[in-house]
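Which chain is which? They are A, B and C, in the order written, and residues in each are numbered from 1.
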Amino acid sequence: MPENSITPETSAPGFLPERSQSDQRLLDFRRRVTDRLATGFAILMAVLVVAPLLAVFGYLVVRGVGSLNLAFFTRLPVPVGEQGGGVANAIVGSVMILGIASIIGVPWGIGAGIYLAEYGRGSFAAVLRFTADVLNGVPSIVIGIVAYALVVLPQKHFSALSGGVALGIMMIPTITRATEEVLLLVPLAIREAAWGLGVARWRSTLSVTLRTASAGVITAVMLAFARIAGETAPLLFTAFGNQFWNLNPNQPTAALPLQLFVYAISPFDEWHRLAWACALVLIVLIVGAVAAVRLAASHGMMRAS
Amino acid sequence: MRNLAEARLPQKPRTEREDAAQAGRIAPLIPAKASRFADRAFSGAMLFCGLSLLIIVALIVFELVLQSRPSLHAFSWRFFTAKSWDPVSGDFGALPFIYGTIVSSLVALLLAIPLSIGVAVFITEMCPKPVRGTISFLTELLAAIPSVVYGLWAIFVLAPLLRGYVQPWLARYFGWTGLFSGPPFGIGMLASGMILAIMIVPIIASITREVLTAVPQQQREAVLALGATRWEMIRVGVLRNARTGIVGAIILGLGRALGETMAVTMVIGNTPQIAKSLFAPGYTMASVIANEFTEATGDLYLSALVEIGLGLFLVTIVVNILAGLLVWSVTRGMPARARA
Amino acid sequence: MGVGVEVEKLNAWFGATQALYDVAMKVPANHATAVIGPSGCGKSTFVRCLNRMHETVRDARLEGNVRIGSMEVYGNGTSAVEVRRRVGMVFQKPNPFPTMSIYDNVASGLKLNGFHNRRVLDEVVERSLHMAALWDEVKDSLKKKSGASLSGGQQQRLCIARALAVQPEVMLMDEPASALDPISTSKIEELIFQLKEQYTIVIVTHNMQQAARVAEYTGFFLMGKLIEFDKTEKIFTNPSDKRTEDYITGRFG
């Protein structure tokens, strides 16, 4: 008989201790109950997670929609006590600040993503990737301090430019990682096809590889844009806000989330009403963009991330 | 396929092409020298973009340290243990803010962990197929709502709710713990912890979902074949295998909670104090910077705020690195997807 | 003592695709029965219907009767948990629990079923590892080594021990040695040879020589139908159906 064979004493199964039928039934019952409870708990958690989302949306619509009139979108803020003010300057200001942020963040982020996917090698690329993730985790208010130190201090005044710098920096790591991932999905065969035709590397990277991945890159940019569109903290001491029209990027500028904040913490009912309306506009634009992007992605477009 | 740089451009065809072009047999696409220069310029530009990530982080550290020098000189490390924050007399101590940040984040974690793991388990293991897409979509939408909008909702909906119903109930049944004493303002540590919890649930849930999905199906089948109920299968075959990643997800959520500014600022009460009760107002590191930065008079005041920013930066870096390592060890480098 | 398995008019679907057509088989107690056939013929599906693992796949459907001893597997009052407790399963790719020690792996089924007494667990773990012919190799590192740190063949024997620990009456093995090297394969076959005295074993295999070595009875499946079921000797030397003969002689598959 081989070494590891069954020892004679254990030749029959039935080595588990006997259990009375009622004990067994009780145990089975407890296990079934635990299973049901666990399922119920998980369902409850799912409900509790979805509920605030619906609540936030609901309140925004209920409290905000009434204030969305033409005046809201076209007029400047008016002094407390007067009716009919709007947030036109904040909308325009946000557009300007986000525009500056995109000009800074998008090419830079895509460039870094291209580098990591096409040129980066070994541990250096790993360090860069790690750095991008680190940068992603830096609180937005700290980025605001840095933008303050880099732009506001030397200029000695607040500006849309400094706000754009802060938000642009925040865009970079998100776009970088997402671009890298999408580019890596492009099959090597496509690149080789371009090289085989004698196309220069830089050209093939831009016109062939990047273009193939363009849907994913656009998605990534949109998601990054949506993320910073609602950012307020870094703007508190860079763009600072402005009561009036301002089209000069070198001056303090109003922004929609900033305006929301100011109105929300004020003691005036009229301003609270405006705050709800601002929030509704922000949500529709931002969450709408994110929802559209995710729906499009799930319908088969190349995923960004 | 991490290293496309290795797949080099074949040199030979170009030379043949150049020969052919020179012999007049075919037209050159691009003058060879110019294209080589363009290649180098392009890759140089891309390298610069990549390097700039390092430059930006270095710049952040540099500026934070530079701008907080006056405060660093005046208070050195006692800054982080001193309790009084008195701009008028120039005495700055960051302890109340550290306390506020930690407590609000802890409250948020305590609430968010069961919610996130519960919804993640529900989506990946229990949910019927048609509902699954909707629920996960909604959970991701939660992450898209800006902080300041959460703050608005917290001021006008959550705080009154707490003030009117939740806090009196807590005070009556759990007041003996000392955590729920004092006048129920609505706003305060509890409110900020709760709104933070709602904000970090999507992050923890989405990474948890990823690690749960990464558990191979064979593990689930092995547990089922032993005669386990579905919950037992989830407990032994899925959660147990994914526990490292789940811890990573939680720490990532913590990192996010530590740096969250606007929603917290709007409902925490902005009072630099250390109080045992969760009903009391408090102050966090991020909030004090947000509130007082533009009002800061004098170099010392401003540099004290920047020093708080430096502390916040260091803490979140450490936490995020730790979280990243844990999650990476389970999913092998996919975290960027979940965090975008 | 093992019990027999009786299958009547078994039909199984994955969504709209039918995988099994009117399968009827009487698996005799305390013998090893091999299930052979070309890839995709439904042999794995068949075996997974016996312990209600088929229904764990999304959109999977099943009709027919399966009886283990006197228990109706798909009867109204029978829960899947009950069935799976009486039937042990070993999978193609060894799947020990990586976060648990060897001891905990074997004891996992016992703990789930409510046995927590230390002495009982120790005893059962030791016996199961003996029966799986793994005891001598791991007895010194039972609680120190994780289940996943063993070699492929050892892992599979660990999975067998884990299945045996809950005292099943029927053992289902879905190509248990196909992912293993020849030495581990022969160890596993030896094991099956010894186990079949106390258990009823059904083993899926694409290796006809293995079926001939290990099983007394063999069922040949083709495209979801049971073509022939008989003593192994007869199947391999004098099959009744031409299709069986073609497969045996290697004309296809």
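One rule holds in what follows: contacts are C-beta pairs under 8 Å (C-beta built on N, C-alpha and C of every residue); 3 or more make two chains touch, one makes a residue touch a chain.
Just so you know, these numbers come straight off a predicted model, no measurement behind them.
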item: B-C against A-B, pair bridged by the larger set of C-beta contacts; value: A-B
item: Most widely separated chain from subunit A, with each centre as the mean of CA atoms; value: C
item: Centre-of-Cα separation between subunit C and subunit B, whole angstrom; value: 47
item: Cα-centroid distance, subunit A relative to subunit B, in whole angstrom; value: 11
item: Where subunit A touches two or more other chains at once, by residue number; value: 31
item: Contacts with two or more other chains, residues of subunit C listed in rising order; value: 81-82, 113, 166
item: Subunit B: positions in contact with at least two other chains; value: 229, 232
item: Interfacial residue positions of subunit B with respect to subunit A in the complex; value: 1-7, 9-10, 13-14, 17, 29-30, 35-36, 38-39, 41-43, 45-54, 56-57, 59-60, 63-64, 66-67, 114-119, 121-123, 126-127, 133, 135, 137-142, 144-153, 155-157, 198, 201, 205, 229-232, 234-235, 255-256, 258-262, 266, 286, 289-290, 293-294, 306, 309, 312-313, 316-317, 319-321, 324, 335-337, 339-340
item: Subunit C partner contacts - residues on subunit A that touch it in the complex; value: 2-7, 10-17, 27-28, 31
item: List of subunit C residues in touch with subunit B within their complex; value: 51, 53, 56, 58, 81-89, 91, 93, 95-100, 108-109, 112-113, 159, 162-163, 166
item: Subunit A residues within the subunit B interface of the complex; value: 31-32, 34-35, 38-39, 41-46, 48-50, 52-53, 55-56, 59-60, 63, 107-112, 114-122, 125, 127-128, 130-143, 145-146, 148-150, 169, 172-174, 176-178, 181, 184, 188, 191-192, 195-196, 198-203, 205, 220, 223-224, 226-227, 229-233, 236-237, 240, 257, 260-261, 264-265, 272, 275-276, 279, 282-283, 286-287, 290-291, 294-295, 298, 304-305
item: Partner subunit C, residues of subunit B touching it in the complex; value: 129, 216, 218-229, 232, 236-237, 240-241, 243
